[in-house]
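You will see two complexes here that share chain A, one where it goes with chain B and one where it goes with chain C.
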Partner chain A sequence: MSRWSYFAKRLVLSIPVILFGTTVTFIAIRMGPIDPVSAVFGTQANPDDMERMRRQLGLNQPLWQQYFDFLWDMVTFDLGQSWVVETNTDTIELIKSRAPRTVWMGFWAILIPLFIGIPLGFYAGLNPNTAGDYFASFGGIVWRAMPNFWLAVILLVGLSRSEDILFGFSWKTFLVDTPQVIGTKYFHTAWTNLQAGQIQPMEWARATKQILPAAVVLGSASMGNEMRISRTAMLETKHSNYVEMAKAKGVSGRSLVWKHMFRNALIPLVPVITGEAGLLLGGSVLVETVMAINGIGKLFFDALTEGDMPVAGALMFIFILLLVFINIMQDFLYTIIDPRVGYEGE
Partner chain B sequence: MSQVAYGVGPDNSYPILSIENLQTAFFTDKETIRAVDDISFDIERGETLGIVGESGSGKSVTARSIMGLVEEPGHVLDGSSIRYSHPSTVERLAREYPDKTVEVAPGETISEPDSETFIALAESEGSGDNVTVEEGYIDLAKAPDDAVHSVRGGDIAMVFQDPLTSLNPVYTVGNQIKESLRLHQGLRGSEATEEAANLLEAVGIPDANRRLKEYPHQFSGGMRQRAVIATALACDPNVLICDEPTTALDVTIQAQILDLLSELQEEHDLGIMFITHDMGVIAEVAERVNVMYAGEVVEKAPVVEMFENPRHPYTQGLLSSIPGRNPGGDRLSTIEGDVPTPNEPASQCRFAPRCPKAFDECTSVHPEQVSVGEGEKEHTAACLLYPEDASRIEAVTEHQRRGDDTEVGTDE
Partner chain C sequence: MSERTSIEDDAPLLDRIRNNPEPALRWLAVLGVLVALQVGALFGAMMELPPWQTIADRLFGLPLLALFEPVGSVLASVGDRLAEIPTLLSRDVIPNRGHRVPGGQQFAADIAGFTVEFWRWEGTFLGLPAAIAWAIRVTLIYLYAFACLAWFWKGYLVFRNHYRYADWTPADDMIDRMRTHRWGQFGFVVIAMFFMMAMFAPALGPTVVEENIQEPYSYETKYLDQESGEVRSTLVGNANLGSRSRGGGSNGNHGIGTYDDYDRFHPFGTLPNGKDLFTFLAAGSRVSLFIGLLALGISSVIAFSLAMVSAYYKGAVDLGAVILSDSIQAMPRLLVLIGAVVILRGTWIADIYNGGLLLALLLGSWGWPAMWRAIRGPSLQVVQEEWVDAAKSYGQTPRRIMRKHMAPYVVGYMLIYGSMTLGGIIISVSGLSFLGLGITPPTPEWGRAIDLGQSYIATDSWHISIVPGLLIVIVVTAFNALGDGIRDAIDPQSDTGSGGEAAAAGGGA
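Coming up: the complex of A and B.
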């Protein structure tokens, strides 16, 4: 089987997964206890108005018909309009306006573990049982053990009162001035100006500083994870027979590490890195809610709690597509890094 | 020391590789394991020295000590010497480390054991960058890491025990052979590809050009071992250390690999150190045999002599535990017990607890390597029963005397 027909097959096989996920989403939202109409009207509800709205939204139709309408809308990417969160706004517009902030945060939340966790882990694996290793390993366990909602609160409090806690060190004026410790205000201006064709380094610096605490919270668990696993992977590769043989061949230190060990140590890391995607999606809901960042995660949370079927459903559908896509990418990466992974057989 | 003359020329009075008093110990929190405890042997160009012994007798550690691949917490102890005497390598290192050289009389070794000089020049002209060496050796046990590293592969190469995991799974076989060619022969590009294909063909892999582009997992076990050998040969070594190269292969493939090795030996005039626990393989490949037990060499003999006339009780036990050597016997005889962990300095015979011929002195006197009898210069054993022609008391005193002599030089 060629590479392309393998991936074509994977794409076809992902269709039932997407359908199943979408169905579960529908069931969870529509058959759950939340009624979107009561959410809109609150306690001052007039039964006639509610009935009219219900009819307007099509909630009076049989459930199976609603289900098929929903499914069809999703598949044709007709994501509809928000019912509750921002009534009568196109869902796509809503997502578009919120997404950049989450992507900005997610970008750093992926970068931090990737470029701190993995190098630290490789360093620890290459120098096992040294002070550096103990420091990195212990740090890895600590990062892994801190729940992100707790870390979010601690960072929020700690950084906004850093003058009192850290002996006069003021995070707010550190490097660049950010009176509001965490947020996306500077990112918003930087981003809008970028779209207008202006690059403002200062604004970007502020935007980065403002998002870093949130990104650290979001990436903390992954960072610990990736550190631990890359340490183990490196240690295992280091003691493998082919590395010993390379040494016996006279391969020198740097080439030994970068050619013979690095690529092999990456293999077990691939699923850990791609598996982060799920963590990030779930984590962004939490972190954005705790840290008051008005992004996708917050939108999803609001839509879910208020029964905003089109928004919640559309977001869920997009999440499912993303995860399926990342999974396929993961298998693709495997075939690039590890030649033993083939397309034959199953 | 017994030395069989294989093509000894005027520039070859040192054996290509000579190990003397090699001690390698692993220092753990709990104990010190003397994995290799004071062994000596020589390898000449073009000959194969077999090293046999049970698992845990220190065979592989010996190989790794020579290659400079002993890992923490292991160390080659002071007083050990690993002398490698390829004139052009000695010359190269003498130019690189001019202040670490010393003149010695031909055939002699460096006398001050504690100095940092590791290059002995027996016949040389000039000095500094222009020195030319006709004869001499370098001591790898004393050499700095960089020097050992430069000898590894290109001068002394190694074929490993497990061909299935010895090749890097994520690179093509061609890539790995070409890496050796680039490091040791400076070949690159299409020249390297061509040479790599030649090497693969030389080790009996057909369709070499296609095979070069394949990954190790696409090779069978025997082919992988051939590829490993090709990689070692790509280094163009003078000494090849084979650490159980056929153990993981089935018997027919085993025979093919052994034939291949002896062909290559003839072609390249290789000195081979062949480690195995398989007596049958030893009989096939080796000219001389060292039997190792618990970190020590207990018997040395030419291969035919070893099989026809084993002297050390351990060797006798090993040979009689080969199925089929004693037809008619009811049960296969075995050596009871296990190899002990050599975690204390040898003050007795380490085989004594398992030895059927042990007597009282075996637990108080450490046997030294002695000739087994009058006129048997090449056959020595470390056992209090020998020399055979001496009375037991004389023999024991002789071992004691030799033990006291060497202790001054090597122990602690």
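Coming up: the complex of A and C.
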């Protein structure tokens, strides 16, 4: 099977996956015990108004027709309007206005573990069973076991009152001044100005500093995972035959590590990194809710708790699409990086 | 050793024991002691758990059988009497709730800046201070529980040394490897303590959930009034108002290991509403463990049977399983949990066990794909083994092959992932209850304690959020450690393999 037909097969197989997720979403929001219309009107419901809205939304049609309408709307990306969170706003607009903050946070949440977790893991793998290895490994295990929401709460409080706790070190005035420890205020201005064609380094620096704590929390579990796997990958590579061979040939230590070991040890990390997409999506709901970041995760949470079913359903659909897409990309990447991986297996 | 037994190798176990009864008897004698200590609780459970009254009404309602009614009532009274035998670990034998005796101060001294006071108490064990009485009870409970564990372990050793037919089995090697695996043992001990906390939660807490947390205004507590110097009695709810932890200063704070003004001891301090944090957490561990075990059971059954069937039949069955598990994994678990819990809020299923059942069902049905993925490899491997081919050629049924020839090989891997997923489930449940979802409010849950203490972290009342958070970290780390230990025991070669990594519980959820 060639790479392209494998790719095509993956695409075909993803259709039932998406269909399943969409169907479950439909069942949950249309057949579940929450009546979307009464969520809109609240307690002072006027039966006539409710009936009109029901007709307008097509909720009085037979269920199977509603189902196909829903599927068609999703496939054509006609995601409807928000009813409660921001009344009469297109869901797409709502998502577009919130998404940059989540993407900004997610970007750092992927980057930070990459640049801390992997070097630490490689270091531990290069020096196994030393004090440094034990320290890094144990730290990684405990770090990974910390619940996101707990870490978020502690960081939030610890950083905003750092001058009391960290012997006078003030995080707020550290490097650049950010009176509000965590948020996306500076990011918002930096981003809107960027769209207007202005690049403001100071604003970007502030935006980065404000998002770092949230990104560290969101990436905490990934960091532990990446550290452990890069440690074992490095250990495995270290004992492989071609490294022995290179050593015997007299390749210098630096070139041995960087050219022969580093690159090959990266291979098993690819699925780990892409596999964290689900973790990031789920985690963003918790982190954004705790840290009051107005991103997509918080939008999903608000939409659900306030009964704004079209927004919740649309977001679920988008999350499913994203995950499926990332999974396909991961397998595809893997076949490029490591040609030994067969197409037949899965 | 089996060579010592002179009887034939295939003699049944009972015969082997009859032949050399001494080790088995000694082992059983220890069981006798352990049971005797708790015999009242045993009878208590026997008298309470089956609905005797309804059974008796049904039974004696029949003609003829009604003649035996006196016998029944005699039996019932004997049972009740037996249930009243004091048990070592009940709250009544070593009570810690009492009050100081007026003028009962034995001595007071300043040692290294701390004021050490010793009062005579009334109502507590031997008149000891409440903290000491409580500590004695907790120590005894843990000693007893560990003694029971040791008894099981000894039983295995006795069986292995004296009665087992085989000198050696592959499981021996695994267990021996586990015996030298310190990291895994650390995990095992911590998890054992967590289980014991959940099992003995009502006896462990310095007070009782119902009196302190659920209905504080229906119970009274006695205390020594400092000003008037006499013993008074007040409602627990009022006492709670006086023992709140709201950041210290005039708002009040009762930190780790302190007494409040009502002669009550708080090992982990109090919650912002004055309720006892230790009692809250002990009860919360029950909730977490119940949800975790049920969810794990559901996903294990699905994952295991699916792994067997898909590995045996391969082809279309395997493809179907891949698509189904992909479909489920394409919906992020935490989002599904939040969604389902919100949508089903207020329905009958969200009321069962304070919402715990719903969470367990959701976690179970969304947890199996990861597990199935993890054991798919080993299952596919074992199907290729010659013994499976041999069994097929003998005409054994697929069902039997899966059960006898494939399952034992895969069970070990299930243990690894089971241990690791339990940690993840505990994090998920506490994350949800932190958001105010899932477990309905007055019920204790660890995540809710963190939520309650959120705004006090930087104050004197930091214990409210920090203690439950640390407990979660320790328990989850221990579950991962135990998983590591089992993996190294089952498959020492895979030490560097990435087998268990993916399943390890992360704080992500």
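Rule of thumb we're sticking to: the second predicted complex is superposed on the first by the 340 of 346 C-alpha atoms of A that agree within 3 Å, B and C clash if a C-alpha of one lies under 4 Å from a C-alpha of the other, contacts with A are read in each partner's own complex, and residues count from 1 in each chain.
Assume a residue touches a chain if its C-beta (ideal position, glycine included) is under 8 Å from a C-beta of that chain, and two chains touch if they have at least 3 such contacts.
It should be emphasised that the depicted structure is a prediction, and the values quoted were computed from it without experimental measurement.
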Discussion item. Quick check on the superposed pair: does A:Met53 touch chain B, chain C, both, or neither? Answer first, second, both or neither.
Written reply: neither
Worksheet item: Looking at the overlay, what does A:Ile154 touch: chain B (first), chain C (second), both, or neither?
Response: second
Discussion item. Counting residues of chain A touched by each partner, does chain B or chain C come out ahead?
Written reply: C
Discussion item. Just to be sure I read the superposition right, which of the two partners does A:Val24 touch: chain B = first, chain C = second, or both, or neither?
Written reply: second
Discussion item. Just checking: does A:Leu194 make contact with chain B only, chain C only, both, or neither of them? Give me first, second, both or neither.
Written reply: neither
Worksheet item: Just chain B (first), just chain C (second), both, or neither: which does A:Pro268 touch?
Response: second
Practice prompt. Could you look at A:Val251 and tell me whether it touches chain B, chain C, both or neither (first, second, both, neither)?
Written response: first
Discussion item. Quick check: in the complex, which residue numbers of chain B touch chain A?
Written reply: 67, 69, 149-150, 152-154, 157-158, 160, 162, 165-172, 179-180, 183-184, 215, 217, 228, 231-232, 235
Worksheet item: Of all residues in chain A, which touch chain C in the complex?
Response: 13-14, 16-18, 20-21, 24, 28-29, 32-34, 141-142, 144-151, 153-154, 157-158, 160-161, 164-165, 220-222, 224-225, 228-229, 232-233, 235-236, 268, 272, 275-276, 278-283, 285-286, 289, 300-301, 304-305, 312, 316, 319-320, 323-324, 327, 346
Worksheet, complete the sentence: In the complex, the residues of chain C that touch chain A are 322-324, 326-335, 338-340, 342-344, 346-347, 423, 427, 430-431, 434-435, 447, 450, 454, 457-458, 465-466, 469, 472-473, 476-477, 480-481, 496-498, 501-502, 504-509
Worksheet item: Any idea which chain A residues touch chain B in the complex?
Response: 240-252, 259-260, 263-264, 267, 337-340
